[in-house]
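A, B, C, D, E and F label the chains in the order they appear, each numbered from 1.
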Amino acid sequence: MSTDPTEAVGVLLQALPYIQRFSGTIAVVKFGGNAMSSPQLLEQFAEDIVLMHSVGIKPVIVHGGGPQIGEWLQRLGRTSTFVDGHRVTDADTLEVVQMVLIGKVNSELVSALNVHGPVAVGLSGQDAGLIEAEARHPDLGFVGDVTSVNPSIIVRLVAMDLIPVVSTIGSDSDGQAYNINADAVASAIAEALNAQKLMFLTDVAGLLGDVDDPATLIQRVTAAGARALIADGTIAGGMIPKIEGCLRAIEYGVGQVHLIDGRVPHALLLELFTDAGVGTMVTADGVA
Amino acid sequence: MSTDPTEAVGVLLQALPYIQRFSGTIAVVKFGGNAMSSPQLLEQFAEDIVLMHSVGIKPVIVHGGGPQIGEWLQRLGRTSTFVDGHRVTDADTLEVVQMVLIGKVNSELVSALNVHGPVAVGLSGQDAGLIEAEARHPDLGFVGDVTSVNPSIIVRLVAMDLIPVVSTIGSDSDGQAYNINADAVASAIAEALNAQKLMFLTDVAGLLGDVDDPATLIQRVTAAGARALIADGTIAGGMIPKIEGCLRAIEYGVGQVHLIDGRVPHALLLELFTDAGVGTMVTADGVA
Amino acid sequence: MSTDPTEAVGVLLQALPYIQRFSGTIAVVKFGGNAMSSPQLLEQFAEDIVLMHSVGIKPVIVHGGGPQIGEWLQRLGRTSTFVDGHRVTDADTLEVVQMVLIGKVNSELVSALNVHGPVAVGLSGQDAGLIEAEARHPDLGFVGDVTSVNPSIIVRLVAMDLIPVVSTIGSDSDGQAYNINADAVASAIAEALNAQKLMFLTDVAGLLGDVDDPATLIQRVTAAGARALIADGTIAGGMIPKIEGCLRAIEYGVGQVHLIDGRVPHALLLELFTDAGVGTMVTADGVA
Amino acid sequence: MSTDPTEAVGVLLQALPYIQRFSGTIAVVKFGGNAMSSPQLLEQFAEDIVLMHSVGIKPVIVHGGGPQIGEWLQRLGRTSTFVDGHRVTDADTLEVVQMVLIGKVNSELVSALNVHGPVAVGLSGQDAGLIEAEARHPDLGFVGDVTSVNPSIIVRLVAMDLIPVVSTIGSDSDGQAYNINADAVASAIAEALNAQKLMFLTDVAGLLGDVDDPATLIQRVTAAGARALIADGTIAGGMIPKIEGCLRAIEYGVGQVHLIDGRVPHALLLELFTDAGVGTMVTADGVA
Amino acid sequence: MSTDPTEAVGVLLQALPYIQRFSGTIAVVKFGGNAMSSPQLLEQFAEDIVLMHSVGIKPVIVHGGGPQIGEWLQRLGRTSTFVDGHRVTDADTLEVVQMVLIGKVNSELVSALNVHGPVAVGLSGQDAGLIEAEARHPDLGFVGDVTSVNPSIIVRLVAMDLIPVVSTIGSDSDGQAYNINADAVASAIAEALNAQKLMFLTDVAGLLGDVDDPATLIQRVTAAGARALIADGTIAGGMIPKIEGCLRAIEYGVGQVHLIDGRVPHALLLELFTDAGVGTMVTADGVA
Amino acid sequence: MSTDPTEAVGVLLQALPYIQRFSGTIAVVKFGGNAMSSPQLLEQFAEDIVLMHSVGIKPVIVHGGGPQIGEWLQRLGRTSTFVDGHRVTDADTLEVVQMVLIGKVNSELVSALNVHGPVAVGLSGQDAGLIEAEARHPDLGFVGDVTSVNPSIIVRLVAMDLIPVVSTIGSDSDGQAYNINADAVASAIAEALNAQKLMFLTDVAGLLGDVDDPATLIQRVTAAGARALIADGTIAGGMIPKIEGCLRAIEYGVGQVHLIDGRVPHALLLELFTDAGVGTMVTADGVA
């Protein structure tokens, strides 16, 4: 891209107050498996994260990998049963889940980031006792919930100016592994790190006043405001679990939670460093 | 096990000088895929490493996974071609190699160690630019050789009193991954860390004067001595590549290289903390 | 001692959980003058302390020297008067006490430890203002009580991975020296260091239900339990002051206080690293 | 300025490799008194410096103040004599020079920077012995040359993430102050700091092949190349002292020296973070 | 001066307890513009400060410059209006105030100190956001009051064993500078640093019972005592604002405030290191 | 002592350049047993050391105790044989030597210093492996020579701003103790610490041109100059071993060696902080 120099200077100066405001803040970014469907989106995501890192933000990435897990189970001729939207996970399935999350999705993310320099380090929740988990329900097998987070390995890596990339496998005290929902892990890690920002890269435009009309995007709302929108029925259907995840993170003490449209190229950059912004920011009451 | 207390005290005091001598030393341990065949051997290996760690040794584990890779390729119905003993590795094969090494073997090692406390952290050679690699030969596809090691991530984890567990995937500057021989990675990491000890857990008894007679085990030999044994034909056949790996590590500046019989239960403990010892120690000339 | 290798491995693995549990803990060990009567007991004590130190425990030794003081006063033809079991200490006697405690007993302990490496450093309570004392009673002369402990010199030496060995001479603000009871000094130092363990090496088997029957050894008791045993007369006679010393230390905030039979060879090792244990452990209420 | 978001993202990503390359580098920027003539240029300069600082560059500013000194001497009704282009500086003149440089120009620079946050700290060469000087020539009075630089105060302030702003007053060992040429001070400080970059903000377009034709701007030249251009007469007249200052800095070990046209708005930003670049970069031989 | 050696030893030993008592304490010293009238007094002041610094005291100097400002305004043919004793300060006047305080008085102080070694560093309240100020009254122009002190730059310089010398220019968040009363700045900095001592070098003998009789000097008084003396009329007239400054500093948490007669040669040394003392010490209630 | 304030200020200012010059330097002071004969000399010595320490010098004290050892052996009815001026030291004698040096002389020194604050820490050469020694000659028993010094314990204590006081007992690798000449220990420690100053407190006036005429005191001499004086017979008799000790220390790399008359009250203060000086300073060639 050949940019007019004056225009370029304008953009950089427009970014300056954002750079100053965010410098040194920890931003936990949840990157969904859907977002990896296109190599181009992955590459743009990596560019955004590296730019954030270069101007002093401390990103911590948490990723899922549902589509990739599904594809590999299919290749291996296995069929999955679902209960309440959770894949029932027996030992053989868990083995594949780990291989895909840790050995494939995490590896690809680390590799995409490290094209820009040796900055990323892959972690699973088993490393250094990062995520302690327990079974969610006997019927679900090795589907787990976070019981506690020991963030010291992340804190140290961040202090070394590295970018941790976390697979959502936790384990209990016997060393049994569990597959955990990535949104929940991102929230729990953001809480444990006392992160200033938690950013969910999703496949929706954000919180919409009218779910069928993108023009009704709500750019900023307080936790109380969001609860009121649920109560009056404005937030409905599939929007509810997403916004509840944001509200829980706010309760955990995270300052700002963003729902960002991961389908927009360079959505993170637009949100962080331009006046445009994309998606919805939820803040604690009294902050907005 | 119920031990006579007096006997127990004797053992501990016998171990004391070894504990004092090795405290603070870095020991790179290469753990082969073969050694993971039995859950019991894996468990014993984990106990040995955790005990080493508890008395002040700094272990760094490098693992392979040939058998496990072979098994998964077979499950997926893929056949491999071998050239000079190397598996020709196309992009699809490499994907499986990464999933098995990073997502399965490494995970299982970390998990076995962390049963004893949150001490282990899995790494691949792509993390924080640990291993830079290049293609070995165009005919072999993504089989790589180490071109350089950036050990800073290992150094930092060791300083945090953690145990790094390294999968042997490296990458080039374009982010292309390669599968690398685990013996070579262990030697290169030992060199980069200036490790005092490099220990190969193998499936042989050590260096034998007569390959058919275990009673001819050579317990200690200098690099020059080993070269003389090759020259006079005492070391022959399959023993040659193993001993050459040891000699190359000595040249790299590693103080002591051990060939240890991984089939013996708790072989590491026996070698390090008892007068018994198992296997063969190769030392720099002028040290033995 | 020639031990069966399998047996040796078993002992080391049996010790592992104890090593892990105690690593990094501060253990104040009170070593009585009686225990130095035999060179062999001194040597074994030194081995035990060095082994503790090698596996990560931070020992701090406090010693007395009653028998040695008595012997030297006798050699010098001096007779002592005792009041309530305390030797009346005039200036001339104090001079001999200091020479024996600091110049002889402390020196011998440091020397016995340093045979294993340069780890021990002798201290008196006068060094760097470690122990501030005052006269106990005008009739007793320079017999003192601890008024405060300034543990910074010990903290620093321990941080340097050294083993402080403390003679029980304190001084008041005018620089006047006092001889202080070693049990009291050990308790006061354990309190000031917030030590996890305080171990009294005594010449009894521990706390006995029936003082004449070693088979009635009480291995573990809470502070409340011990007080009940005093109240119901189970603990009686010479046992009372010993157990009261333990109770006072518990009140000071020390986690565990051990009465260990110093006449048993390697009693410390047996207590710490084997399932056997020797003597009695007193714990805070609600801990046992 | 309202920028198209896509355009903005493009600019930020274009800047990314420059940000990564320059992060952590020390850049000494010489800011001439001429450049302060317009409040707008000063404000833009401050924005540029603060942006550099925000993305990890460590700026150190050295300023002159010729025009301002001249103006105040005139107000006070003093006339100056010049010898070889140097103002003859008696004690009364020096007093005014110090007041203007330290009390006015430096203050205004610090103030303009600190509008963006408390980042700048004014220094004179007398502070903490920063610049030791000696008289250049008896006829010139208190005009000085740098004899040595003690950069420790700058090193510490930079480590505190502050921006030192240096007035070019040095002193000899008797405490006598001297006024020193700002170009010389900037070069000497860049040398003492082992700076990667030295940037002269000048009032020319850079090094021109034909001094009358801006289109003949030489964007990059090695030291040897520059010397050849002097030898063949391409560089001539007033260009010669400027380029010689650059060459001397290169000899001092500075990696890159820039001649930047300070009359162009945001010249520093354009040079550092866009592909455009302004002015001329002189590099050591073998680097370009 | 040729001193009898025995006499010299006596003086040094007499100073020893003061040196021990004051070692490591922060002493904020307010040095008035009047005290700079004589080069000799300035030189003696510098000697005193350097000696304080050499024996472990951490001096922080705050200076005014009223007479010097007046003189330069006069030279420039400007006349000042005074309201309630404050010079009405328009933009042109402020420019001169800054030039005189920062460029002349501060420079001369730094220079006088650094004759003894590179220890002093000049600061204005604008450096690193040291002093935030606001306008005192619209009629007074740029006469300011301290709204907050950010002492981190002073803390760091003191930790580097340097002597900060502070000009009393503060600024508001728009970067507008203000001239502030030096007594108030000294008190505010002493408070922000939690200084043990605040010393006002004045041109009076101290607090006098009878303002006309130097023999009625009150050497030590508590805050309550001083308030009683104001109430009963003992302290009257021009003495009142001075003593109120001391009382305010005591309220700020400063331990001891000294009114010292700056006209006495080496008044600081006499006060600090000899039994003589000069002037009046005000202490918190319950301390004297 | 009541000193004229003006006189006092003069003394302090006279001391200032010495304080500045010596601040931060390590000074090893050898204090002989003779010097302890009078309680007053001991007290004055303690005052001098504490003053040195208070103004930033880092003193390390090495003491002997010949007279005290002799007295105690006599009390115990033991007679000593001397060979070449060395007391033949059997095991029983060594026991007394240790008790006197460590338990009496060292204790008294530490106590005298700590009257001024908790600054001194007693050490013997056995602590933390400080002094390794070997037997000087079979006929002498446990009389030793220094074979090496491990100064890390001293370095750490000095860094903690403490004053180490060293008894001259060393030990070999078997833990056998030896009594060593204090001059030799002081030199060896000064060498190992790379001390700037080594000061021998002796019972002579210094190096005299004519041993019978105190007026012929040589205040300063280079090593070469001293060797010339030995060669031409000026230095003779008992002066020779003393000066040779100084020369050996200079060879060891110590900057300045002082022979100071310990019989003069406060000799250390006079030497260090007044223009008077006492005794003789020997310097490396090319330094004087």
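The rule is short, and it goes like this: contacts are C-beta pairs under 8 Å (C-beta built on N, C-alpha and C of every residue); 3 or more make two chains touch, one makes a residue touch a chain.
Since this is a predicted model, take the numbers as computed values, not measurements.
In terms of the stated touch criterion, the partners common to chain C and chain E are F, listed by label. Steps from chain B to chain D, taking the shortest chain of touch contacts, total 2.
Taking the mean of C-alpha positions as each chain's centre, the chain lying farthest from the centre of chain D is C. Although chain B and chain C carry the same sequence, what matters here is overlap: shared residue numbers make up over half of all numbers found at their interface. Centre-to-centre separation between chain A and chain B, using Cα means, comes to 36 Å.
We define each chain's centre as the mean of its Cα atoms; on that basis chain A and chain D are separated by 45 Å.
Per-chain CA centroids place chain A at a distance of 55 Å from chain C.
Averaging C-alpha coordinates per chain places the centre of chain B 68 Å away from that of chain E.
Residues of chain D in contact with two or more other chains: 117.
Under the stated contact rule, the graph of chain-to-chain touches is a ring, a single cycle where every chain has exactly two partners. All chains form one closed ring of contacts, and listing them from chain A in the direction of chain D gives A, D, E, F, C, B. The touching residues of chain D, counted against chain A in their complex, run 1-3, 5, 7-16, 19-20, 23, 47, 50-51, 54-56, 116-117, 265-266, 269-270, 273-276.
The part of chain D that touches chain E in the complex is made up of residues 75-76, 95, 98-104, 106-107, 110-112, 114-115, 117-124, 126-130, 150, 153, 156, 160, 162, 169, 171, 174-175, 177.
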